[in-house]
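Worksheet: one structure, shown below.
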């Protein structure tokens, strides 16, 4: 079988998604038996030629990066956006910057994206199943569960019942409710689930007396929240 | 208890022949290993495993008197995509047959009106073969078949043979330069035949929206609900009434269907879109 | 008054009994794990929780139909496939499940009836036949309990080997099966004779628990069935659907929801693979999505109704039993607080 040529590229990011991939350790080595990793800055690999699969992390913060992402798209057969930065331009992490006005464009503003891996950072298991699907010629299917349903499988006590904010009921699963398992509320980094009911969610928070930060309320009520779904 | 057979485990089978039907559809002939026979009723389905990719339900499209079984498959996703990469001699897995097929007992000595849309002809092909093999057991038989384009018509090379035994009518949604036949949805073919609505059993299989309009039309022609049968497609994982995915108003399509009598399901909104109100 | 045979077990003898049973059976019990009470395998009888008032989040169902289960494994070699069944592992394990409440016991009876249909599901049925059930009567109720309404608790009718009722410093042990009877006779030093007042004590305790429950007024189950059938097209369903978040929690922690998905997992070599099943939820849009893209329950109300009607109507048509055991777990965890008792009351009034 022809080995897939794979490149991993970074725009403006914290490199957290790449760390998730490197953390796979032996299992990453196993993947590397089946693909040719030809380009990856942190590993000092440079290629500048055509690839089968390009993984891109980070958002576009300058014209140079806009040119760069177009150039990468031009020489890759399949382009995959890694993480929340790349497909939503840090919509959620933006809260740390307060009202900062830095440019943070998702890459799909500039190029077509074939798949995206959700999350901030991405889930390494999901990365593995995407790679495996690409190697085997399967269509990658992301989780159609909600974070809540994954949370109850872990038999966690619900944070909402304890009066804390958690976006689990409206957020797409696939992370195995990792934040809640670590006692943090879900902050929605994986975007919306299949068929969420945002107004009912806001109502249920109100009835539980849980306040919603205004930036989040704006996001939830605003247009385009959770767009850029995998087709 | 301990000796209970595991119905989730497929039997190994070998692909013995592959025929291209249309650009995205192929017919696979499959022989089940260690099994000399494969008996089924037309309208039943199997669960086919492509190891490494999963399992999916397919109607049995071949003849009841053959030792091997045939399925006609459209490439659409994971399992079908992997099956299309298989060659003659490759191993797959089969469970089944499952479900209830066409009501052959009821159809004997009556006229039969078969209406098929697109891939819906697959489970009706095994019935057509059955009828041809036992032709004297049935009255007049009509087959009305519609596809998107002439290139999408399945089993074209069998049409001549079929026409010698049954009354075959074709239509396409969109013709091409060579197409001289009818153009339009399959319902228009109902205007071309005059059937005795009292003594004819109507059987249909096709996209939900087609079955919706065909059922309406049959009703307006005077067909009693009891004489209309249709085959439903639902998501099916187990095929045995356990996974709960295929239910329509609490009925298990995999065991009670896929063929249902219109009289039994006409009230389920889920069964045929827009067809009235769902009942408990 | 209870007709089954009764014994007495003094509380300080319970661990002794479980210790003896653990020589023959793998013991499962509610257990404290990282601050949560969950049903789990216990290695030492000292892990058995003395606090009978806590109920695990996920019902006992998970020990019979696990969240995730490998149905079989296979290896693709040259042009052949070697399939290895994992069923013998299920058949071989002898288990004793301790601390099961009446509602969960009733749910096992429903799962048994359901998974015995047709060819039978050998995994679920295998585990049910290999598991000894030692139930325990609730000493108090949760705010969501209404098992009296569904006629499934707090005292189970059947489906257990032993059922313990907590009275002062002893349990009254109800013998529910031949297997339970054998355990009692093999351990005569632990199973003492019951007092003639013990049956009455059980009765009183049941009355006391029932009086604590917030349960809709009990009606005949056929009346309930008919009321549901009549209510299918009423407007109030839309009001509930407007509140529902389609999160699926209510399915996953319902003791009688059994729906599942099946898929293959394979290693990168495409050599070794396994077929896996995992729980699924009818509240998800993907539940009815077929390959052509059609989704048969697109409306949120149709999905909510699927769940509720399955419990009270479809299940009766299918296995002759309602499949709600009144545990209230579905609304205990519902972020939208959709209380099934409200729905039932509306349906009965409607």
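The chains carry the letters A, B and C, assigned in the order they are written, with residues numbered from 1 in each.
The rule is short, and it goes like this: a residue touches a chain if its C-beta (ideal position, glycine included) is under 8 Å from a C-beta of that chain, and two chains touch if they have at least 3 such contacts.
Predicted model, so just to flag it, every value in this text is computed and none were measured.
Novice: Building nodes from the protein chains and edges from chain pairs that touch, which of line, ring, star, complete or other describes the result?
Specialist: Topology of touching chains reads as complete, every chain touching all others.
Novice: What chain is most central when centres are computed from CA atoms?
Specialist: C
Novice: Using the average of all C-alpha atoms in each chain as its centre, how far is it in Å between subunit A and subunit C?
Specialist: Centre separation, subunit A to subunit C: 36 Å.
Novice: Whole-Å distance, subunit B centre to subunit C centre, using C-alpha means?
Specialist: Here the centre of subunit C sits 38 Å away from the centre of subunit B.
Novice: Can you pull out the residues of subunit C that are in contact with at least two other chains?
Specialist: 266, 270
Novice: Subunit A: which residues touch two or more other chains?
Specialist: 136
Novice: On subunit B, where are the residues touching two or more other chains?
Specialist: In subunit B, the residues touching two or more other chains are 52-53, 77.
Novice: Which bits of subunit B are touching subunit A when the two form their complex?
Specialist: 52-53, 77-78, 81-82, 85
Novice: What residues on subunit C touch subunit B, complex-wise?
Specialist: 71-72, 74, 76, 79-81, 83, 85, 87-88, 91, 114-115, 117-122, 125-126, 129, 228-229, 232-233, 258-264, 266, 270, 273, 275, 277, 280, 282, 287-292, 294, 296-297, 302, 306, 309-310, 313-315, 317-318
Novice: Could you please specify the touching residues of subunit A with respect to subunit B in the complex?
Specialist: Per the touch definition, subunit A meets subunit B at residues 136-139, 141.
Novice: Which of the residues in subunit C come into contact with subunit A in the complex?
Specialist: Residues 35-36, 38, 56-58, 67, 242-249, 251-253, 266, 268-270, 279, 281, 284-286, 300, 333, 335-337.
Novice: Considering only the defined contacts, which subunit A positions touch subunit C in the complex?
Specialist: On the subunit A side, the touching residues are 30-31, 33-34, 131-132, 135-136, 144-146, 148-149, 151-153, 155-158, 160, 168-170, 193-197, 200-201, 203-204, 207.
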